[in-house]
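Here chain A shows up in two complexes: once beside chain B, once beside chain C.
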Partner chain A sequence: MAEYQIRRCDRHLTGGIHPETHKQLSTAEPCEFVDTPTRLLFPIHFSGGGPGKALVGVGDPVAKGTPIIRCQSGIVHVASRAGTVLDVTDHAMTHPSPEQSACIVIEPNASDLQDYLSPMNWPFDAKALRERAIEAGILGLGGAGFPSFKKWSNRTQTLIINAAECEPYLTADDTLIRIDTHSMIRGACLLSRTLDIQTIVIGIEDNKPEALQAIEGALKESRSDCFFDIVLLDTKYPSGSARQLVWLTLGIEVPTGSRSVEAGVIVHNPGTLAALSRAIDGKPITDRIVTLTGESLTRPKNVIAPIGTPISHLIEATDTNPQSLHSVIVGGPMMGYRITDFSAGITKTTNCLLAREVEIQPESPCIRCGACATVCPVRLQPQQMVAALKGEALSRAIHEGLGDCIECAACNAVCPSNIPLAEWFRRGRFEMKENAREHQQASIARERFEARNTRLERLAKEQEAKRAARKAKSADALNKARKAREEIS
Partner chain B sequence: MIDLLVTVGSGVIGLTVIGFAGGALLQYASKAFKVDGNPLVESIDELLPQTQCGQCGHPGCKPYAEAIAHGESINRCPPGGQTTVDRIASLLGVESLPLDADTAAADQDLVALIIEEECIGCTKCIQACPVDAIVGAAKLMHTVIVDDCTGCDLCIDPCPVDCIDMVERPKAADYWTPIHPKVISTDRFGQIEMQHG
Partner chain C sequence: MMHRPAYPPRETRLVMRSVLIALLPGIVAMSIVFGAGVLLNLATAIVTALLSEALCLKLRHRSIQPRLSDWSVVLTGVLVALSLPQAAPWWLTIAATASAVILGKHLYGGLGQNPVNPAMLGYALMLISAPVAMTTLWVDPLNPPDFAAAWMAFIGHHSDAYTGATTLELYQSDFRALTALEAKQYPLFAKAQLGFIYGYEWVALAYLIGGLWLIHQRVISWQTPVGLLATLLVISAFFSVDPDTATPVWVHLIAGAGIFAAFFILTDPVSGATSPKGRLWFAIGVGVLTYTIRTYGQYPDAIAFSVLMMNFAAPMIDHYTRPRIMGREASIKGPGGQS
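Here is the complex of A and B:
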C-alpha cells in the first residue's frame, strides 16, 4: 500500500467564480468506445508539438501505431487505426484558427495490425523516458498540448497531478480517473522514480467524490514507495490553472515570466500520466477520452475515440444529427473555441465537444463596475487593460499586466456589459508575442550588421598594412639600386 | 571679537572641506561610472527595425540613431512605419510627425529571393548585403538565408542580371492569427450561469 494523506486545501483562490458546472450531464451514462469512423484526419502542423513533416505518402498502408508525422520538437504522431493513407490535403481542423491546413487522411480498414514500440523494462533513466515520450507522442492532454518531456528536469521536487478540472461541463479527466486510475498512478510513480521526485500531489476539486474514491482504492493496492498528498480544493473556477494550482496546493507563487518548472514543480494532467504509463508498455497515444455534452445533444456522455475521428462522427455517437447543430464549442464554455466545420478530426488536445443553444448578446459600453477586477485570479485590472487595447495602446496594456493574464475568461462571465474581455486579451497577448519575436529578429540583424562592419574594418586595415609593407619594400629596393649605381660610378 | 572670528572661520573652513570632498567624490564618480557612448543613441537604436536598408540616407540604423540624437528629423524610417516614428517621439518627448515615405510600403514584410537558375555568380549582391544574409561564391549560384534577410532590398540594384525579387516573408507552417475581438463581439458562447446562494 502506498502512503497517502487526504487534506482539505487551507488556501483560497483570489477572485474566481462559481459557474453552474453541468457536469452530471455527461457522467450519467457510462463511458463507451466509439466505432471506428470511415475517415481519420491528422493535421500535419497543428497536431501539437510545432510544425511537422509527413512521414507517409498517399497510398501507403499504415498499422495502428505507425508514425505518420514528426514535429519540429521531435514529437511523433501515430496512426490511430490500421488503414491506408487516402490523401494529404488541405482540410478544416479542430483548432481556433478557421483556416484550412495540410492534413493526412487515413481510411481505416477492418484489420487490427499493430505497430507498437518495444516495452521498457525498469530500471531506465530520464533520458530513455524522454526518448520514449517523444516517440509515443506524449503531449499535455489537458488542452494546451505542451510536449511533456520538455517539463522534465532533474531539479524537480514535486509532481502535481492536475485533477481539478474546473471548467464547467468537462468530465473527461473525471472519467479517466474513474476508469483508468491504475495507469495514472503507475505513470506518476514511474515518472517520479526516474526524476527522483519524493512527493506526488493530487489537486482535485471536491465535486468529484467518485474519482477520489477510485484514487484511494488504487493507492491502497499500489506497491509504490512514493508519498501521495491528495489536496481537496474548493470547487471554484479557475483553480485548475497551473499557476493557481501550484499556489493552492504548495503555497508557491510562480513569478511573472517564469514557469512552474523553474520553481521545481511539474504539473501534469491525469490523462498525460496514464498515456505515459502505456507508452512505457510500448503503446503510443492512439485514443483519448472526449466529453460529448451540452443541452443540444440527445445523449451526452464520455467516449473513448481514436485521434483523428471527425467531429460529426462523435456527434452521431450521441444519437444527434450533426446537421441540427450550427456549431460546437471545443473545450469548455470558458476557454474553448467555436468550430462550424464538423468534418475536422479531433486532436490529442480535444477534451470536450459542447453543443448548446447560443443567445447572441450585443456588447454595451463599460460601466466601470469593477466586477472583472474582483474575479480576476491574477489580481489584474481587466477593465483598464481592455480600455488600453481598444485604444490600440498595447504598451499600456502590457504595463497593466497583460503578460500575466491566464486567459481564463472569468472576467467575461461576470461582465454586465457583455464585453468580450478575454478575446481582447488573447489577441493582445498574440500581438505581444509577435512584437517580441520582431524585436528579437532586429537584435539578430543588429549583431550581424555590427559583426560585418568589424570584419570590413579589419580587412581594410589588413589591406592598408599590406600596401604599406609593399611600399616600404619597393622603396628599400630602389635605395639599394641607387647605392649600387653610386658605387659603380 | 575673537569668538566671532573662530565661529566664522570654522564655518568657512568646514564648508570648504566639505566642498572639496564633494568635488573629489564627483571627480571620482565621473571616472569610475563613465558611460561609454551616448545612451540616448542606444535607446533610439533599440526602437529602429534594424533592416540596415539606408532609406533614411544613413549607412545603417545605428548611424541614423546617432543623427536623430543630434537633431535629425525622426520620420525618415520607412520600414519602421508610423509606429516607430511614434515610439521615437515618445522617447524623446517631441511631437510625432507623419512618416516621410509611402506608408503602404511600411506594412509589407518582404524578403529577397534569388531566382537561382538566372544567377551568374557575380557576388555583387553578397557585397551589398548589410547583414551577410546571402551565401555563395564566385561563378557559383547564390542564395538568401531567409531567416536572416531583413528585406532591405540593397541587393536588388547591384544585380547585373536582375535575378533578385522581393517576395512576402514566408510564415511558419503553424502560424495563425486569433480573430480580432471586433469581429466576434456579437458571436459569443452565451451566458455563463452562476450558482446562487
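Here is the complex of A and C:
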C-alpha cells in the first residue's frame, strides 16, 4: 500500500466564480467506446507539439500505431486505427482558427494490425523516458497540448496531478480517474521514480467523490514508495488552472514569466499520466476520453474515441443529428472555442464537445463597475486592460498585466455589460506574443549582422597584418641583398 | 437575514435599477420632510434626462431604445433632482439635468465615457451660474410648504416663509458669534427627534439604509462610503476640540449631502477610481476637500466640487493603487506604456 493522506485545502482562491457545473449531465451514462468512423483526420501542423511533417504519403497502408506525423518538437503522432492514407489535403480542423490546413486523411479498415513500440523494462532513466514520450506522442491532454517531456526537469521536487477539472460541463478527467485509476497512478509513480520526485500531490475538487474513492482504492493496492498528498479543493472556477493549483496545493506563487517547472513543480493532467503508463508498455496515444455534453444533445455521455474521429461522428454517437446543431464548443463553456464545421477530426487535446443554445446578450459600454476585478484569480484589473485594448494601446494593456492573464474568462461570466473581455485578452496576448517573436527574430538578425561585421573586420585586419608581414619580409630580403652586394663590392 | 448575492447584478440595467430602488427610502423621507417640491423636481428631472438622452443619441446616430431602457439616464436625473434645492423653480431643474446629461455625459461619448460625475457637473454649473437660486431655496424642515405652495415655488413664485439657508450655511455665517450651547438652542436642533437635526436626520437615515442595502447587493463596495464618512468624522472631530468655533461632527455628517453622496454620488464607477484601494483613496480625497471647502470656502456645501476635483485625480489614483498581481513581487506603480 502506498502512503497517502487526504487533506482539505487551507488556502482559498483569490477571486474565482461558482458557475453552474452541469457535470451530472454527462456522468449519468457509462463511458462507451465509439465505432470506428469512416474517416480519420490528422492536421499535420495543429495536432499538438508544433508544426509537423507528414511521414506517410497517399496510398500508404498504416497500422494502428504507425507514425504519420513528426512535429518540430520531435513529438510523433500515430495513426489511431489501421487503414490506408486516402489523401493529404487542406481540411477544416478542431482549432480556434476557422481556416483550413493540411490534414492526413485515413480510411480505416477492419484489420486489427498494430504497430506498437517495444515495452520498456524497469529500470530506465529519464533520457529513455523522454525518448519514449516523444515517440508515443505524449502531450498535455488537459487541453493545452504542451509536449510533456519538456516539463521533465531533474530539479523537480513535486509532481502535481491536476484532477481539479473546474471547468463546467467537463467530466472527461473525472471519467478517466474512475475507469483508469491504476494507469494514472502507475504513470505518476514511474515518472516520479525516474525524476527522483518524492511527493505526488493530487489536487481534486470536492465535487468528485467517486473519483476520490477510486484513487484511494488504487493507492491501497499500489506498491509504490512515493508519498501521495491528496488535496481536496473547494469547487470554484478556476482552481484547476496550473498556477492557481500550484498555489492552492503548495503555497508557491509561480513568478510572472516563468513556468511551474522553474519553481520545481510539474503539473500533469490525469490522462497524460495514464497515457504515459501505456506508452511505457509500448502503446502510443491512439484514443482519448471525450465528454459529449450540452442540453442540445439527446444522450450526453463520455466516450473513448480514436484521435482523428470527425466531430459529426461523435455527435451521432449521442443519438443527435449533427444537422440540428449550428455550432459546438470545443473545450468547456469558459475557455472553449466555437466551431461550425463538424467534419473536422478531434485531436489529442479535444476533451469536450459542448452543444447548447446560448442567447447572446447585446454588449453595452463598460461602466467600470469592477465586477471583473473582484473575480480575477490573478488580481488583474480587466476593466483597465480592456479599455486599453479597445483604444489600441497594447503596451498599456501589457503594463496593466495582460501577460499575467490566464484567459480563464471568469471576468466574462460576471460582466453586467456583456463585454467579451476574455476574447479581447486572447487576441491581445496573441498579438503580444507575435510582437515578442518578431522582436526576437529582429534581434537575432541584428546579432548575425553584427557578428558578420566583426568577422569581416577581423579578416580585414588579418589580411592587413599579413600584408604588412610580407612587406616587412621583402624589405628585409632587399636589405640583406643590398648589404651582401655592398660587402662584395 | 436577507440573501446576499455572490456577484453584482448581471446586467447594467439591473445595476442601475438597484441603485434607484436603494434611493426610494431617501426619496420618501425627503418628500415627507421637505414637501412635494422634491417630487416635482424628480418628475421634471427624469423627463428632461430622458429627452436629453434621446436627443443626444439621435444626433450621434446611436440606437435610442437600449440606452433609454437601461435606467442609467433616469438615475442621473434622479441624482440631480435630489441634489437641488427643494423649492427650485422648473428652469433650474431642467437646466441642471440637461447640462448633466448633455455636457456631463454625451459630450464625452455617452454611457461609460464621462470623466466626471454628470450629476455633480450639472449641480456645480448651476451653483456657479445661478448662485442665488441654488443657495436660498432650501426648504426649512420645521415649516415645509403644502402642495399649493410647492407648486408656486416650482413655477417660480417661492415664498420666504418656508425657505432659507442650509444648516451648514448657518454654521458658516449666523453661528459665528454663538457658543455651542447657544447654537444648540436653535429650533432645528432643539426639536430634533433623533437628537441631531430636525428632518435632516430622517433623510440621512433613509439614505443610509438604502446605501447599506446596495453594499449588501454588491452594487457598491464599502470602501467608498467608509472612506468619505470616516474622513469627515476624523477631520471634523480633530478640529472641533473647541466646540464654540467649529462646526460639530454630526452636522458635517448629517446636514449636508454627506451620506447621500457617500453611497450614491461617489460610487459612480465610471468617473471614480476602480480598484478597492483606489476607491478608498478617492473617497478620502473627497472627504478632505469637502471639509476644507466647507470650512474655508465661500460655498456652504462642497461635495460637488470635491467630487469633480477627485474625478480628475481618479486616473492617477488608479495608476498607483493596482493590486499586486499574483506571481509578482510587488504591485505595478505608476503609468506605463505608450497610450
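Following the convention adopted for this analysis, the second predicted complex is superposed on the first by the 451 of 489 C-alpha atoms of A that agree within 3 Å, B and C clash if a C-alpha of one lies under 4 Å from a C-alpha of the other, contacts with A are read in each partner's own complex, and residues count from 1 in each chain.
As a working rule, contacts are C-beta pairs under 8 Å (C-beta built on N, C-alpha and C of every residue); 3 or more make two chains touch, one makes a residue touch a chain.
Because the structure is predicted, anything quoted here is derived from the model rather than measured.
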item: Chain A as common anchor, with chain B and chain C clashing or fitting; value: fit
item: Chain B versus chain C as contact partner of A:383, first or second or both or neither; value: second
item: Contacts of A:430 with chain B and chain C, given as first, second, both or neither; value: first
item: Chain B versus chain C as contact partner of A:397, first or second or both or neither; value: second
item: Touching partner for A:343 - first (chain B), second (chain C), both, neither; value: neither
item: Vertex chain A, arms to chain B and chain C (CA centres, degrees, nearest 10); value: 70
item: Partner chain in contact with A:324 - chain B first, chain C second, else both or neither; value: neither
item: A:17 touches, of chain B and chain C: first, second, both or neither?; value: both
item: First, second, both or neither for A:89, with chain B first and chain C second; value: neither
item: First, second, both or neither for A:373, with chain B first and chain C second; value: second
item: First (chain B), second (chain C), both or neither touched by A:474; value: neither
item: Nearest-approach distance, in Å, of chain C Cα atoms to those of chain B in the combined model; value: 7
item: Overlapping contact positions on chain A, where the chain C interface meets the chain B interface; value: 17-18, 361-362, 414, 418
item: Residues of chain C that touch chain A when the two form their complex; value: 6-12, 14-15, 66, 70, 72, 110-113, 221, 269-270, 272, 274-276, 318, 322-329, 332, 335-339
item: Touching residues on chain A, where the partner in the complex is chain B; value: 17-20, 44-46, 50-52, 95-99, 101, 168, 329, 333-334, 336, 338, 356-363, 412-414, 418-420, 423-424, 426-427, 430, 438, 441-446, 448-453
item: Residues of chain A defined as touching chain C within the complex; value: 14, 17-18, 243, 247, 253-256, 361-362, 364-371, 373, 375, 377-381, 383-384, 388, 391, 393-401, 404, 414, 416-418
item: Of chain B, residues touching chain A in the complex; value: 45, 48-52, 60-62, 130-133, 148, 150, 172-174, 176-181, 184-195
